[in-house]
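In this document, chain identifiers A, B, C and D correspond to the written order of the chains, with residue numbering beginning at 1 in each.
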């Protein structure tokens, strides 16, 4: 088991090396003559206009919020699923209750019209 | 120095450095990226403590959800012009002093505790902590009340946050 | 050999850095980041105590999971509040949100 | 009978220990070697994928595809790589340099990291950890972060908008994906990949087909492929989060996306199609990877088939489909599977599988009924006269009538 985690750790350290090498090789062999016009932001093809920081819809945040709540729920459910053999029927139903409470939240957001993209 | 100590020290230095950057750097997006580095360091710490389930959920929840939520919020609440003035309030030196005093006090208090130097005990044989955790979370002798309350808490947080942040377009 | 002290000192340092962030930063989201650091310090403590003091009981981990849920709920509501405040007052600097001061 | 990979590892271990290296050092060296071999192998497959994908899309669109460089154009991707390597690297003005360079690295590295937990044969796996399924989710969420970093660092409105859309989509579809992943975990009582593969008799696709379908759909969304490719809808936001990327950096995003598709296919094959399982695999372990890749490419072919057959969905349809359809369905399936599984602890396997399969098909049938009713009301709603958007046909008729 620890050996497997050593493998993961080394993989974490080495995995970025391959793409990093792919970025560094062009540094050595590719031409490099930057000028002001060339390094202008492309954006959508015409000259850029105004600040890059445009105001975004608050709705992106709401969707991330619903996601966060469900993400947490799932973290509780994974140990529950792994321990399934040790659980009596009512413990399973507790897990189901846990899911249903969260579904109530989903229904609330649904009824409130939060899930519509406006 | 064992391998574990080396890993611990490197991780500790990186994540504490990241934490310092989180509380000092001006650009909030950069601060959140440093925060992610720190959170990742903490995930490695859980790995060193052989709580591998926590390693992955630290990444899934903190980096995959909470950090993303923060980045979204930063982008939603940014004024067009760079905020003027310093990023810290006038009492920042007092705050620093308090943090330092608290740290010294904590370390001093802990060092007087006899259990401070406890060395790593062997994990019991055939101990699957995820299985035990899953059983404990739903057994009536265990943590079934916190488990169900956590779900109510999340429901309340969802409803509350949606009610606060949601604004119907007229 | 690695001992409990390592993790406790690390957690304490993380907690204190977070505390500094909470007390000193102006931007409300930055304050929330400080709170996250503090919570992480706490969870490290819980897990370290589980591992070093009572590895045969699961209490530390169970509490850790609950703290995760609390942290998520706190972030969700906190950021929602900031977004709502920003919409009304066009700022989330903590020292400018002072309507309830007096 | 041992397989070649482990025999080579044992042989190397022997040689290294004869050189007087310590046990820990040997483990470390072997792990590094394993990582390098695995990553190189995966990257070579990735280069091959460029050719497969291009050839396949050409067939779908009734073209021939690359056929100039080498036989059947098979050397084409290598020519592409050389071209990308010698292209000038342009850094747009105002970009956040470090993050700008970091995000393509993250994009490819996270996909590579997923292969650490894919089992190739009964004894050949990068790391057989007991949280492998959640590890996949965790690495995926780091990938999401890479995208948001790319969009932010580019200093470009459309890139940021594209990143926002991509992330909104990826996190939305992560919910049904995690639930669909939870169902095989529940049946196998483990998050370890090898345990899940070993538990699959019969394959889980025959026990819980609906979970496989949910995972398949949400994986396509996670990949950002058509029909869920609003993140790179050219007509709306230019090209998505990687507008400003050129040369090899763009190549990394592209390679990462292709490899991600195959990785997801391999994971679906592992979780639902029995992974390396197949006839004679116990006698000849080398067949394991062969079976795995056959199954993975089958799923990959399905993903491509979907990609080149369907039009793009709108952003509101995409989000509605997830939150109002896929997530409730996945949760419902989870509840049903959990209760049925506990109720049938003493039933023999044949009945168990039949009941599970029947329950799945029943849910599919019910879902289809609901969908049909929804589609009918939706058609009526769309057909109503509305002040804003008049369907083009009626406009044309009116114009013709006036003449």
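By definition in this document, contacts are C-beta pairs under 8 Å (C-beta built on N, C-alpha and C of every residue); 3 or more make two chains touch, one makes a residue touch a chain.
Note that the structure is a prediction, hence the values are computed from the model and not measured.
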item: Of A-B and B-D, whichever chain pair has more C-beta contact pairs; value: A-B
item: For chain A paired with chain B, centre-to-centre distance based on mean C-alpha positions, whole Å; value: 17
item: Cα-centroid distance, chain B relative to chain D, in whole angstrom; value: 29
item: Whole-Å separation of chain centres (CA-atom averages), chain A against chain C; value: 21
item: Separation of mean Cα positions, chain D and chain A [Å, integer]; value: 14
item: Residues of chain C engaged with two or more neighbouring chains; value: 65, 68-69, 72, 75-76, 79-80, 83, 87
item: Junction residues of chain B - those touching two or more other chains; value: 52-53, 57, 60-61, 64-66, 68-69, 72-73, 75-76, 128, 130, 132-133, 137, 150, 154, 157-158, 161-162, 165, 167
item: Chain D, residues touching no fewer than two other chains; value: 129-130, 134-135, 160, 164, 167, 171, 174, 191
item: Chains that touch, pairwise; value: A-B, A-C, A-D, B-C, B-D
item: Touching residues on chain D, where the partner in the complex is chain B; value: 24, 99, 129-131, 134-135, 137-142, 144-145, 148-149, 152, 160, 164, 167, 171, 174, 191
item: For the chain C and chain B complex, residues of the former touching the latter; value: 1-10, 12-27, 29-30, 32-34, 36-37, 40, 43-44, 47-48, 50-53, 55-56, 58, 61-62, 64-66, 68-77, 79-84, 86-87, 90-95
item: Residue numbers on chain A that touch chain C, as the complex places them; value: 58, 61, 65, 68-69, 71-72, 75-76, 79
item: Chain B to chain D touching residues, read off their complex; value: 3, 29, 33, 36, 52-53, 55-57, 59-60, 63-65, 67-68, 71-72, 75, 128, 130
item: Chain B to chain C touching residues, read off their complex; value: 2, 4-5, 8, 12, 15-16, 19-20, 22-23, 28, 31-32, 35, 38-39, 42, 45-46, 48-51, 53-54, 57, 61-62, 65-66, 69-70, 73-74, 76-77, 79, 83, 85-89, 91-92, 94-96, 98-100, 102-103, 106-107, 110-111, 115-121, 123-124, 127, 129, 132-133, 136-137, 142-143, 146, 150, 153-154, 156-158, 160-162, 164-165, 167
